[in-house]
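Given below, in the form of structure tokens, are the structures.
In what comes next, chain A is part of two complexes: it sits with chain B in the first one and with chain C in the second one.
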Partner chain A sequence: MLLVENIYCSYGNIEVLKGISFEIMQGQIVALIGANGAGKTTTLKAISGLMPVAKGSILFKGENITNLTPYKTVAKRIAQVPEGRQVFPELSVLDNLLLGGYSVKDKDRVRNQIDTMFRRFPRLKERKKQQAGTLSGGEQQMLAIGRALISEPELLLLDEPSMGLAPILVGEVFDIIEEIREQGTTILLVEQNAHMALNIADKAYVIQTGEIVLEGSGEEIVNNEEVRKAYLAE
Partner chain B sequence: MKILLNKVKQHQVVLIFIFLLFTPFIVTNIYYLHLLNISLIMIILAIGLNLLTGYAGQISIGHAAFYGIGAYTSAILTIRLGISFWLALPLSGITAAFVGYLVGRPTLKLKGAYLAIASIGIGEITQLVMTNWTSFTGGALGIKGVKSPDFLGVSLDSDVRYFYLLVIIAFLCFFLTSRIINSELGRAFRAIKEEEVAAQFMGIDIARLKVMVFVVSTFLAGIAGSLFAHLEGYVSPYGFGFNQSIGFLIMILAGGLGYKSGPIIGVIILTFAREFFRFFNEYQLVIYGVLLISIIVFMPSGISGFFDKLMKRLKKREVSKHGKQHSEA
Partner chain C sequence: MGINIFDLLQVTIGGVAMGCIYALMALGFTIIYNALRLINFAQGDMFMLGATFGLTFYVSLSFPFPLALIAAGVVVGVIGMVIERTVFRPLRNYPLFNLIIATIGISITIRALALLIWGSQAMSFPPVYGDKPIKVGQIILLPSYLWVLLISVMFIILLQLFFTKTILGKAMRASAQNRNAAFLMGINVFFMDSLASAISAGLGAVGGILVAPIFFVETEMGALAGLKGFAAAVLGGFGSIPGAIAGGVILGLAENLAASLISSTYRDAVAFIILIGVLLLKPNGLLGKKAGDFKA
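And now, the complex of A and B:
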């Protein structure tokens, strides 16, 4: 579904991605794990068009989407939940969700999707008129995920969804991610919480200083000696 | 409940309109009425500036230039080319908006304060052109003899008659921007103001929308400029410079950024406060300054924001009181 081929990106003179390649199949959860500064978020930014790709190509369902502006990527039905949640803090919960449907022409569909989201996250319904910035961290993460799903994306990019959440909530977020996949959305998950990510991933890639150093099924990676040492603190 | 609230609002609007109809009979002092007219013109501009800054989060420090471009366009079109005011008015808006587009298009693509800087530049350039291109703009003396508009054979040559024209146009501009604010577009503007990156992930073409809001806002500034020229009867480079641009920003800031009533309240209060402080003679500006600082310190979200929050708090208290009574019963 998504084919990333040998991409290079740099911030000024510093090359942060040095030929990243990976593939995501329809219906999979693919995890991208690695230490801080390895290039995980940059990879997501390259896919969504926020970061210029100097070399290499990104194909989505066979179509070249390399260096497409972000709003056009969204129109191809690739949605992203940015790092650190980034809800619109002064807008209401409902406004946040409505913005999730900005790219959708059929507004009845947006209404339906919002109702579905409210059923899935009843807490958001209770607080729909509240400013999003007043929600708890967990609720904001649910809102950010819910908002991304309004446009019914085919591919969902999740950037550190567990960041800054209490352990119970992290579990809840990962349950939701699996649920989203069951409903037919393909997921690319970037995580520092490697353990949780590998548990639900069909396929995983380990990224180190801008290069993919290891790939395999979630299970294979979890059982890899080096990975256990480096990322799972065992 | 929502329908009821809308009805209340409709009643409010009708009441305000009726009140405005009688204003010229209440404000019989022609000087104050003239000041009210100037305020209405500045309200039209401030409504556009509030849309740009208060809702979409983009800062223009050169809005007086677009005000001036509108004023000069109208003066030149009506005097030199003999075009009717009713055609010159929209053309002034369009001319200002076109210049706005030329400035906004390259600068709004970039992140950060580029529009703010470029708008200072366009302000300076406009001043220079107005002052030095004497054959076209009349130089420092400006252009005299800008005629009052005719409406169905009646010349709107008095402040009373002009007042009604301004009220109608100001109302139209208010409704136009309110419609934008309440639409999906308005929501997208606020999203851009709050989190540009996240707004892009919503599929918002932020560069296009920023240019669009800047064009609307400069269009309103141009309309205001035209109305100003035909009220005063002349245009000159004074009053369209940097200080005036800052003055407009202060007005929407004091009124309350991102509140629909903000620009109206800000313009009226600051314009009339200055007049009332005249009585303090040389201390006038000092007291005006103290007023501004007090507003910013004690009402950081502006006058409208302050009262909006106050009302919400009162309503909340009432609701919780009612809730208690229910549970007690």
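And now, the complex of A and C:
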């Protein structure tokens, strides 16, 4: 479904992605794990067009989407939940969700999707008039995920959805991710919380200073000695 | 020298009316600041262009006044959009200082061009609002200030509705709050920048044409109006929309009260005093966010 081939990205003179390649099959959860600063966020930004790609290509369902203008990616049915949630703090919960459907022409569909999100996240419904910036961290994460789902993406890019959440909420977020996949959305999951990510992933890639150093099924990676030492703190 | 209650009411209405004009100017500063993080020192010239284009449309082309007002707003709005596309956007990744210098350059250029078109003579705008005083009970009111008040309040309400009720307005606010997240929603943030610049310019122009029948029209008239709009925005808290409105009204009122209670020579000093006072005592203004909240 998504084919990332040998991409390079730089911030100024500093090359932070040095030939990243990986593939995501339809219906999979693919985990991308790696230490802080390895280049995970940059990889997601390259896919959604927020980060210019200097070399290499990104194909989505056979179509070349390398360096697509960032506001056009969502119309290709790729949505991203950015690192640190990034809800619009001074807009209401409802307006945040409405903007999730900004690219969708059929506004009835958007309304239906918002209702679906309110059923999935009743806490958001109770707070729909509240400014998003006043929500708790967990609620903001639910809102960020809900907002990305309004456009009914075929591919969802999740950047550290468990970051800064209490353990009980982390479990909740991972349940939601599995639920989203069951409903047919393919997922690229970036996590530092490698253990949980690998447990639900069909396929996993380990990224280190801008390069993929290991790939395999979630199970293989979880059982890999080096990974256990480096990322699973054992 | 006594002042009675009726005079005071008159002074108040005149002050609030001028305050609404300052509010329009302050909103212009605010909207462009929120989108592009830049203080546009050409905002005052949009005010001037509103008055000069208004004069051309109303007198030379004999448009009815409401149409002249809308046409001036639209033409100057388009000019604002062009400035964003040709100057602000290419400079986007340069330091803020460069951008601010660029706005000063734009201001000088616009004044020079306006001088070529309209000349250096002060021109008078026909008395559109009529000069028959309106009597409400014992109070005698000048129609001009009432009209200015009415029309500018109408524009402020329309703007508020745009930002809170329309998806485009919400998308503009979202782009100002988090650019990258707005891109991810499929919002064409570049277009939102152009739109912000257009709305700011258009609001300035509306202010200019509204007061044109009260004052003279000349190509240098933007300087003082720009300064007062800037002072109003600082007073309200730079970047805050309710702050810009409150700041404008307070400044207009304070000016008119100072002029009638002390002396009219102090009128223009009020804006400077408020500006310096706020910057010294309460740099975030009345309704502003903490300085730390300004990051994108």
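Assorted remarks:
Rule of thumb we're sticking to: the second predicted complex is superposed on the first by the 234 of 234 C-alpha atoms of A that agree within 3 Å, B and C clash if a C-alpha of one lies under 4 Å from a C-alpha of the other, contacts with A are read in each partner's own complex, and residues count from 1 in each chain.
The working rule: contacts are C-beta pairs under 8 Å (C-beta built on N, C-alpha and C of every residue); 3 or more make two chains touch, one makes a residue touch a chain.
Fair warning: this is a prediction, and the values are worked out from it, not measured in the lab.
In this overlay on chain A, chain B clashes with chain C. Contact with neither chain B nor chain C is seen for A:176 once the two complexes are overlaid on the shared chain.
Using the contact criterion defined above for the overlaid structures, shared-chain residue A:82 touches chain B and also reaches chain C. In the overlay built on the shared chain, the residue A:74 is in contact with chain B and with chain C. Counting contacts by the rule stated earlier, residues 48, 50, 70-71, 74-75, 79-80, 82, 86-91, 95, 98-100, 102-103, 147-148, 151 of chain A appear in both its interface with chain B and its interface with chain C. Of all residues in chain A, those touching chain B in their complex are 48, 50, 69-71, 74-75, 79-82, 86-91, 95, 98-100, 102-103, 147-148, 151. Within the complex formed with chain C, the residues of chain A that make contact are 48-50, 70-75, 79-80, 82, 86-91, 95, 98-100, 102-103, 147-148, 151.
Those residues of chain B whose C-beta lies close enough to touch chain A in the complex are 184, 187-188, 190-191, 194-195, 197-206.
Interface residues of chain C facing chain A in the complex, by the touch rule stated above, are 167, 170-171, 173-174, 177-178, 180-189.
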